[in-house]
Each structure stands twice: as C-alpha cells, then as structure tokens.
Amino acid sequence: MVKTNEKLIVKGKRLDGRAIEDLRPVKMDVDVIERADGSAQVAFGNTETIVSVYGPRKLYPRFLQKSDTGILRCRYNMAPFSVEDRKRPGPGRRSIEISKVTRLALEPATFLTDFPKTVVDVFIEVLRGDGSTRVAGVNAASIALATAGVPMRDLVVACSVGKIDGKLVVDLNGLEDNNSEADIAFAIMPSKEKVTLLQMDGRLTKEELFESLDLAKKTCKKIYEMQKSALKESFKD
Amino acid sequence: MVKTNEKLIVKGKRLDGRAIEDLRPVKMDVDVIERADGSAQVAFGNTETIVSVYGPRKLYPRFLQKSDTGILRCRYNMAPFSVEDRKRPGPGRRSIEISKVTRLALEPATFLTDFPKTVVDVFIEVLRGDGSTRVAGVNAASIALATAGVPMRDLVVACSVGKIDGKLVVDLNGLEDNNSEADIAFAIMPSKEKVTLLQMDGRLTKEELFESLDLAKKTCKKIYEMQKSALKESFKD
Amino acid sequence: MVKTNEKLIVKGKRLDGRAIEDLRPVKMDVDVIERADGSAQVAFGNTETIVSVYGPRKLYPRFLQKSDTGILRCRYNMAPFSVEDRKRPGPGRRSIEISKVTRLALEPATFLTDFPKTVVDVFIEVLRGDGSTRVAGVNAASIALATAGVPMRDLVVACSVGKIDGKLVVDLNGLEDNNSEADIAFAIMPSKEKVTLLQMDGRLTKEELFESLDLAKKTCKKIYEMQKSALKESFKD
Amino acid sequence: MENYASNLLLSGKRIDNRKLDEFREIEIKQGIIDKAEGSAMVKLGKTKILAGVKIGLGTPFPDTPNEGMLIVNAEFTPLASPDFESGPPGEDATELARVVDRGIRESKCIDLKKLCKTPREMVLCVFVDIHIINHDGNLIDCAFLASLAALMDTKIPKIKDDRIVRGKFEKDLPVLYKPIEVTVCKVDDKFVLDPMFKEEAVIESKLTVCVRDDEKICALQKQGSKELTMDDIKKMIEIAIDKSKELRKLFER
Amino acid sequence: MENYASNLLLSGKRIDNRKLDEFREIEIKQGIIDKAEGSAMVKLGKTKILAGVKIGLGTPFPDTPNEGMLIVNAEFTPLASPDFESGPPGEDATELARVVDRGIRESKCIDLKKLCKTPREMVLCVFVDIHIINHDGNLIDCAFLASLAALMDTKIPKIKDDRIVRGKFEKDLPVLYKPIEVTVCKVDDKFVLDPMFKEEAVIESKLTVCVRDDEKICALQKQGSKELTMDDIKKMIEIAIDKSKELRKLFER
Amino acid sequence: MENYASNLLLSGKRIDNRKLDEFREIEIKQGIIDKAEGSAMVKLGKTKILAGVKIGLGTPFPDTPNEGMLIVNAEFTPLASPDFESGPPGEDATELARVVDRGIRESKCIDLKKLCKTPREMVLCVFVDIHIINHDGNLIDCAFLASLAALMDTKIPKIKDDRIVRGKFEKDLPVLYKPIEVTVCKVDDKFVLDPMFKEEAVIESKLTVCVRDDEKICALQKQGSKELTMDDIKKMIEIAIDKSKELRKLFER
C-alpha cells in the first residue's frame, strides 16, 4: 500500500491521464476456462480478475441442500503474486467478507428455484490487484454466470467511485484508493435500477454521497454495454 | 501473571483483607441469557464467569448420538480481555483440559437417560479472570443446568483451596494463585459428599492435603447455600 | 542438517567405515506393536522406523468406500525428537509427499479386491532419522503388511543409492545425504523386478543414473533376504 | 421463519408496540472488566454485547510507520444463541467485526498517530474484542455502541522499559468523535429500525450507515439478499442520520 | 465393554493373576534415540511409551525472565491403538501431557533457574515429547516413568555463538528429585493399580497422584465420570504414596 | 473413467491426431503480472498455468547462512477443474509443488548464493506461486515451464534501508540453466507424452524426469499406482532427454 502526499488530480487530469469520470481501459472476455461451465476474465487497467462458474450441480454434504431451490456460493481469492508484498495463500478476514458481499450482490439476479438441492459455485481469482478488485470480480462473475446458462433476471454491473483531492472520480486505481477521502463499491441490476452491492469507507457529506451514487449508476450503464457486447461476441462462436 | 516476593498474609489477614477461610464477595445470578435454556453468572471477587446451557436437543452428526442416553458437552473459554495480556481467541491446551474436567465434574450429577440421542451443551465464558476461574465456572454451570431443567441428582459445588505463606486458605485470587505453594480445585455433590473434581498443583504433605480437602468440603457447604438461594430467587419470578 | 567440506570417502571407505556398497547394520523385527494387526520395526544404522498396520477394516465416512475393492492409506510421520532440531508435531509438505509416494510404492503389491468397502491403514513413525528414512519406512511397512495377513503379490523392498565424492554408494546416512551430489529412493517387488518407488534429487549423467538403478536393484535383493528371514522368525513363534 | 413477531411486522406493527423507527431501551455500563483497559456492556432490549479493549505493544505496519494499530475482533460465542457454534469466526462474525472496525477507523474517532511510541519500531495496539452475550437482534448497532463505549472508557497504560505496566495509566485514550452506526432495515416497502431476533426473519435487506458528529457518512454496508432502489438508499441514509443524533445523546453526560 | 479381563476384575481377580495393587513388569531403556538429548522407552507390560527430550534455545516468558522453559507434548500416534486417530492432540492426549507436565514442574525436579543463559533474552527450552507406541492401559503412569527416565538421561548441549552445537555436551541436566505418578483406579469398592486396556473398560473413576521422594504430593488429577467419596480419596492417596516408593527404586542404581 | 479419448489412447491413437510422443501447442507469455517481480502464463493445449514470482526478504536457514531461499507453492484453485476444492493444498498440489521445486533447486539453475545480502541475517526469498487456471492434463510439465519462464522474467528489486523498493529494479535474476521437466506416461506397453485430462484416465504409471541443458538428470518422480520395469524406466528417461531438447528451444530467443 503506497501513501503519497502529492496531488492526485492535476489540471483536471488524474495521474494516469484520465478525466475524473473515465474508466481505465476495460477488457472483458468470456469462456476463458474450458473446464468450467461458465467463465470470464475482466480487467480494468492493471486490475484483473478471472472467474469460473460450476453448476448447478448436486450439493454435498446432503444436509446443506435446500429442497425448494438451488443455492449460490462465492469465493473471492487474491493470488499471492497479485499484490506488492506476497499474500500468504488462504482466506483472510477481508476475503471472507468480500466473498459474502459478492454472493449477496449476485443473488438477487439469479433464480435457482428450478434447481432444488443444487449449488452454483462462483470462484473469483484476482490475478492482478490495482484497486477496485471486488467490483471487477462482480462484473466478471456476472457474465460468467450468464455464459454458464444460469437463469438470471438481469446482469449485475459494478463499479467503484471515490473522492480524491476533493473531487468525485470513478474506477479508483490502487494509488487513488490508498489516498482517497472516500471510496464506494457499488453494483446494480441496470434494467430496473436495483442496487445489490453498496459498501463505503471514508468521509462524505450526505450531498457528496448522493452525488456519488448517481455517478456510480451512470458509470455502471457504460459497463453494462461492455458486458453485453462481451456476451454477444461469445454467442457468435 | 504477577510474581511477588512480599508476604501474602500479614497479621492473619490476606492482602485483600480477608481472613484465611473467607471467600471473596460472591455474586450469583440466574437466567441472565434469554436465548439460552438455562444460564447463570457467578462472580467471586474479580473473577466472573457466565454460563449458558442449551438442550437437551438432538445431537448431530448422527453418529455421535447414543441410543441409551443423552450426552453432556462442556466448553470453557476465556474472553480475550479477561486477563492482563490479551488472550488470543481460540482454545489452547489449558482450555481443552479444563473443558474436560468440568464435564467430568458435572456428569455424575446429571442424568440424561430419559433423553437418548440428545446433547446438553454447557458453554462457560470467563469474563474476568482473577484466580479460581474453573471452580467459578463449575458453580455457574451447575445452577445453569438446574435452571435449564436438566434432571440432576444434586448440585455440584466447587471451590479452590491453597497454601500461601505456609497457611491453608480458600478461594485464591490471581496474585495468591501465582505465588502459592499449592492450589487445589475441588468440586462436590454436597448431599452425599461425593467429590467430582479434584486437581492439585504444588507441594503438600499428606497431612496438609487431607486438611485442605476437609477445608474445601466445608467451604463448598457455604457456597451450596448461596447456589440454593440464587435458584430460589429465580423460581420466585 | 550438517554440511561438510571434508571428504566423505577416504581410501575407499566411507566415514563410518563402510565400503561403497555396504549397508549399515540392519535390524528387522516384526510383531512389535501388540494392538496392531501387523507391525514391524526396521533400523538401518541410526535410522529407525516403526510401522503398524490396521485393517482391512470398514471405512468411514461411508462416501470414501469403494464398492469393488479395499483401499490403502499411508501416513509417514517423523517423531519430534528424531532429528537434530526438534520437529514441530503435525504433517508438513515433506511428510504429505512421502506419505503419497509410500502408498504408491506399496499399492502394486497389495490386492484388496476381496475386501470391498474397507481400508488398510499403514502408520509409519520415524523414531530416529539419519538419512534414508523413507526407504526404511517402506521396508518396515512391507513386512508389517505381510504380518497383518494383507494379501500381497510380493514384498516391496526399498533402498537408497547416491553419489558422494564422485562415487555411487548405497544406503546413505544423514551426513552423506546432506552432502551428496545425488540421491535416489528406490523400491522394487523383487520376484518380477517391478519398480514401485523412484525419486531422485541431484545431478547425474544418464549413465550414472542407469548404473545407480542397477546398484539399487542389486542392493534390494540383499534386503529382500533380510525381510524374508524376519518374517520366517515371526512365523516360528 | 413463521412467527408472531415477524408476521406483525409485515403488517407494520411491532410486538412490543414500538414505532417502526424506535429503538428498544438502551443501557450502557462502562468499566466493568477490571483486567481490560476499557470495557462496556450494552443492552439493547434483550440483546447484550460486551466489548473489551486491551492495549498491547507491536511493530507498526510498514506503510503506516508512525501510527498505532486498531484490531477489532468479534466472537459469536455459542453462549449467545442456539444457532452460534464453537470455532473460528464465520462469515457473519467476520462481517460484523469489519463493519464496526470501518466505522471506528474511517471516522478517525481515535487519533492513531498519537499512539506511536517509536516510529517504525513500537506503537500501541488497540484490540477491541466484541463478545455477543445474548442475541436478540440488531447485533451490529449494539456492537458498535459497545465498542464506542469501551473505547471512551479506555485508559492508556504506562510503559516502562518497552513493556506495559498493567494497572498503571498515563491518560485516557483520546476519542475525537462519537460516530454511530445505524442499520436501517427494509420490510416490504417499510423501513424498520432495531429489529428483534424474531423480527429479523422477515427482513430482506438492510443498510448499515455510520454517521459522525458532523453528519459525515463514514461507512456503508448493504446486507441481505434483496436489492434496494436508489430511492430506498437515500431514504435509509436520511433515517440513519436522524437516528444517529438521538443515539449520540447516550454519550453526552 | 464386555470382555473376560474386565469381568474378572469386577470379581476382584486379574487375568494375569496379579494382585490388585501390583504393577506389571517394567522395563526402562534409556539413551535409545541418538538425535535426542535424552530418551527412554518404557514398557509396562505391553504398554510401550517412548519419551524424547530435545533441548532448544528460546526467549523466556516475561514473568519468569531468568528461568528455562519446560514444554511437554504427547502424541497418541495412530500407531498405538485402533482407536487413536491422526490429527492434532485430542482431549485425552492434551490431559495426559498436562498431567505429566504438572508432575515434573510442580515437584521442581528440574531446576529451571539453572537453564537461563541471558536473563530476559535467552534460556534453554526442554521439550519432552511423549510418543505412545502400544496402548495396553495405564498410559499416564507409563508416560511419566518414560519422561522421568528421559530427563535423567538428558545431557545439556554446548552453546556457541548463541547456537546449539549438536552432539557436544556440557553436563547432565540436573534432576533434583524423582517424582512418581501413580494412578489409583476404583472398580466398585475396590482399588486397582496399573490396569490393562481391557480392564480399563470397567473403571469408572481414577485419581492420579504425583509423589516426590520426600513424600510430598505434587499433583492430583481426578479422572473418570464417576464420583469419589472423601474416604476414597484419602485411601487412594495412601496407596499412591506406598506404591511410589516401590516404583522409585527402578531409578536407583 | 470411460471416455472416447482414453479408449482411443488404449488403441494407440489420440483424439487430436497427435503422435504419442508429441506435445500439444505451447504458448508462453511472460511479464503479464505487473505486481510480480516475474510472471508467465503457459498454455499447453487447453491446460493453462500461471506462475508468479515475488521477491521478499528473510532470515536464512541456519545451515545455509549465505544462501537465498526458494519457496515453491502450488494452488489447485477450484477455478480450474470441477474436481478441485477450496482449502489448503492437498496431496497432489503438494507433490506438484515439490517436484517443480526439486527440478529448480537440484539443477542449480538459480545461484542462491548470489541472493545473500548479509550472511546469517538477510537474504532474498524467491517465492514461486503456481496457479492452475484450467486443468486439461499434464500439470507438472506445464507448471514447470511456467515456473521457469517466470523465473527468467524475474527482476531483482532495489533494496534500501533493509526494505524492498517495489517497482525499482537492480538487475535480472540470474538463471544459469534451463532445466526441463518431462513426464513420460505408460499406457499398456506404450509410452505417451503430454496427455490431455481425458487421456489421463487410463494412465497407470508415469515418470517425471528433469533434464538440464547439459543432459544431466536432476530429478525423478515416479507416479501412478502401477509398477514399472527397469527397462521401462530406462526407456522413459531416454524419451525425456530427447523431448527436453525440443522443449528447451522454446526459451531460446
């Protein structure tokens, strides 16, 4: 984690050259893991996650099964080499929490009642970590679920917004995240504008917060289009 | 753990002002945890334990069930803030042993043959630790079991006795325990004088030991009356 | 682990006085653990392992059972006091790997198809570690299986060979192992000359390697005779 | 899932006749654990949570070489509910600890820079341990109140020869703000505060909001398996801001 | 639970014709693990236990800055009994290790103050590892004999540049006393010593007593799920004191 | 176990028409993880493995006081196969990591002596983390290629005030050799290289051979539950030596 005392926005441009509402270059690919039922790889600049989906498949041990619906499980994991100082393998408290909020972000979009006693597993690996990893994971998981043929009400689209140098910006990179006055992880099902993930750290007035949420919603619409074209590409094949 | 080279008994009084056969101020309350089937909170001076009892309830996984009787389980745990240097959460070897001897101290008093395939769980938390925590836990567990309606032959009453500055004393506090020549944890079912817990550390002659045991028995009778009045209080409501 | 810069072979003799193809003094005993279904104790010089075999016995939990055959499990473990710096109890990565290759070394010799749904457990404890512990374990396990009455196609015989001071030698002790240019763990079913364990570390030319393998095979024949007489001794009783 | 309290709640009423945005009675007792540098028991109706603060010494994180460390840990002791199990903290205990941690950390209510003894080498560690004693709903709000009360009760011990002298104190832990976490729950189209355990059965989504004395929002955490509209969120934040003012009064003496 | 040996014991007889207070044959072999600083294998009838002592270097506990450390660990290796399982020590192995530890520690048979190299910084650690090889009953008594024999066999290694020089020794570990642990078992109204595994099936309560050379009692541990009377306890302690004298002779050479 | 690819293999043919000793297409991409000091993704047909190298600082092992440390770790991420599970590395992941470790270590392809900063006190640690992304067979060979490629991509970071300055580099990690691990499989009496996942179902024994540029053999590991003859082994080693020459060309640029 790098702290800096320098300005993060100079003449309206962020240090990587972006305007305050610019995303980093986004890359979205699906069907990248052949053994999986669905998969996707999503990069926002130097943040990259890869996701595979397995299921619906019968859930064992049996006492975990639900007789009226399938269930969703998520695992968010950072590869040891994804961050500056090697991360020891195994789930820490941060990963446990992110796995939970990711599952809750995706759950409202899936309906598994046609698959009682089954489980859908979503495995998210962060290969490169440079800020906003959890929302990259949600974006990848969402399209991976779609390619796996899991029934969905809508895609789930996620982004981060934050406040740096007194300005609201989108898609924070690692340096911005570590030096932000506030950052927000946000996910929405765009068609009916239903929010499924909302976490915030920092210090914002109510007005700034509401503005941030509107900015997040607007940003997610852009990402939604990217998700849809990534999926279209894949269905062409 | 504090070691001292000073006298622990001065002019017949212990450093906290007690005579050698005095207990610290005792507090006993029952029904302190509403969600539990039975519960109790017991303090001896600055040592305080809280206990909840759940059950008899069906035992899972099934292969642990006994077809002819219910079983008793105990967990003794020290809260991280109960001792001078923060205790890392999770069971250490000391807790594992105390959990076992506590179960064996309570087992002879309970009869669970009318509840085959069930378990009664006794959870003991040490909130404040200042010596003699395990016997405080047994005293609390005993009345918690009674309030839970678990069938019992008798209450189990426990106390500590030890040798400091060459004298036998009862209810050692933390400082006395750390500087004692011997200490004993003792529990008895008073009606028929049956001993269910006996552990000793230190160095005592046979005569001193026998005297200690008689002192422990005598002390337990006092505590027995306190247990009974705590229970009577609760049945009034 | 001791590294040395001294010669390991002086005038054709190794530091412990052995010629290059000499084994250390070998001791083999069977039926050393009464509670086990089969057991053996094998020492090569200061390396000593003790093995017990339990089974075939019903395997639980049930989902691990195979309906057409019994299965073999192995656990290799070093006692904390078996090495210079105390080994912390519990399986490390080395033990996990050796447990696996030991199982694979023994599996081809056993046939458990007459015992569906069962398991045969082989527990190997290294009591004294002075090089070549895994092959000592395989030798002990092999005769322990035989005394347990587990049906076997042949015994499994194991030895180590290595290169020190430019020469190929057999049965490396700890000092030789730590300073070797190469070492090999090898096991064979002698009657039909089938190799069941082969691991190698170090640097050898192909020619040296092939020569080593022939040396290992030759050495195993000697050990085979020792195994058979140890078993004969036991059947006398 | 079926019970009388939750059925009532679905029809907009509460079994104890509270208003939907009304908290149960709150009782805060500080200074109850003599071995801890700070402690508090908070009763929120029948929910009881004990927080203890221990101060230790440690090496700072490399990227904050002159800041003390804050470690928040929560145990859902099996004591507190028939549903809690022994073992390491699960998903819910971990989330609770992290949401409380975030509220304390992000509000900057403790000045961690004041807890540095020797930069890069020795700083104070503030361990907040949250023990659930009885679970009757609304654990996060109650745990936050208990943690704040315990921090406000905390004294910094004397340090001699690089070791802590237990029982001797230098000064109070400086607590600069009184942030409050309020969890706003949504049941159908209604917003509800401080649900009891049985009421929680019908709550499908929640938003925990941490509000500082100056009305800055310092943390948000959406929970529950159902979605929220943008409007819901804005209303929930307004409700939380209002309620935080009322709850903060508990600490004004 | 039904077996011939235990049925016999109920009627006051033993399958190997021993008297009720008679131990099986004891064989003690010291110095058998060359990599350990001390070791012993003790056979008590068919019960076989191996104890190894390793000496290491460590930082002392803050409250005993000039004392060496004693760490006793027991493994119920799955080797020794079809009932033992792989994995971390369970309740029984933990209890055994702690009861043996207490007998050694409380009898002060090792002078831990002699094991301090630099106060507060470096002391010797004495690791006693107990390995059960064959379980045929009376594990605690056998484990204690093995541990004492291993400690009496222990040599303190040379230390150079703050590291242990393996294989070079300075002197013997000073063992000041020969404490003995005797476990007295109660079956109906009879007291029994040194039960075999099959006999243990009918034993409902036990008392382990650690007795030092000067007849001081250094540790007690009641075991088993049945109660004892005050009289039982006193008799059991007398029996243990008597038997300890006999067993101590094993170490007099 | 029944599938078309494996049945074909039994009759000496391959579903993708490869020769028995032919590898699938190999693609090596280095430098793809910007936070790692070295990295590579290797695709072997549809098997995809990512290796990342992180450099850290540590205290050397007491018996090699002036050598850097090499730590190889493998995760069979549940991502890569429906058969992999979350949790600590199992038997197969452990074996893979250790066989890759041995090939790198024993071939001396990295000069660990060059990674010592202060003898006995501070050395560089080279962490090789192997992440399986998609499992379509022949994991060890692919993991070894990825690890070697990642090591060849590795730069040693600057060190200032005993701490690593991330993002600033001193020089390349010196890689002295290009060892190659080839796993030769036996099916009936045929030898097969680079099996796909479905083909592996009928493979009963394998031998992994690590061959260095000078044709020295640096590691062997027999796998599978069936035995090999002495002749098999010799042939398998010859095959591996031949194939290693071909594979090594991938790294010659």
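The first chain written gets the first letter, and so on, giving A, B, C, D, E and F; residue counts start at 1 in each chain.
Basically, a contact is a pair of C-beta atoms (placed from the backbone, for glycine too) under 8 Å apart; a residue touches a chain by one contact, two chains touch by 3 or more.
Just so it is clear, the model here is predicted, and its values are computed rather than measured.
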Which neighbours do chain C and chain F have in common?
none
Chains in contact with chain D and with chain F: which ones?
A
Under the touch criterion given at the top, what is the topological distance in steps from chain A to chain B?
2
Using C-alpha centroids, which chain lies at the maximum separation from chain C?
D
Let me spell it out: compute each chain's centre from its C-alpha atoms, then which one is farthest from chain F's centre?
B
Chain C and chain E: spacing of chain centres that average the CA atoms, whole Å
31
Dist(centroid_CA(chain B), centroid_CA(chain F)) in Å evaluates to 57
Take the average of all CA coordinates in chain D, do the same for chain E, and state the distance between these two points in whole angstrom.
48
Centroid distance [mean C-alpha coordinates] between chain C and chain B, Å:
51
Chain E, residues touching no fewer than two other chains
89
Graph class of chain-chain contacts, one of line, ring, star, complete, other:
ring
So if I start at chain B and go to chain E next, what's the full loop of chains?
B, E, C, F, A, D
Complex contact set, residues of chain A against chain F:
2, 32-36, 46, 50-52, 54, 57, 75, 77, 79-86, 89-90, 121, 123, 125, 127-130
Which residues, counting only chain E, touch chain C once they are in their complex?
33-36, 39, 46, 48, 50, 52-54, 56, 73, 75, 77-82, 86, 88-89, 127, 129, 131, 133-136, 166, 197
In their shared complex, at which residues does chain E touch chain B?
63-64, 89, 91, 94-95, 97-98, 102, 106-108, 207, 212, 215-230, 232-234, 237-238, 241
Which stretch or stretches of chain C touch chain F in the complex?
1-3, 93-94, 96-97, 99-101, 104, 107-108, 184, 189, 193-206, 209-210, 213-214, 217
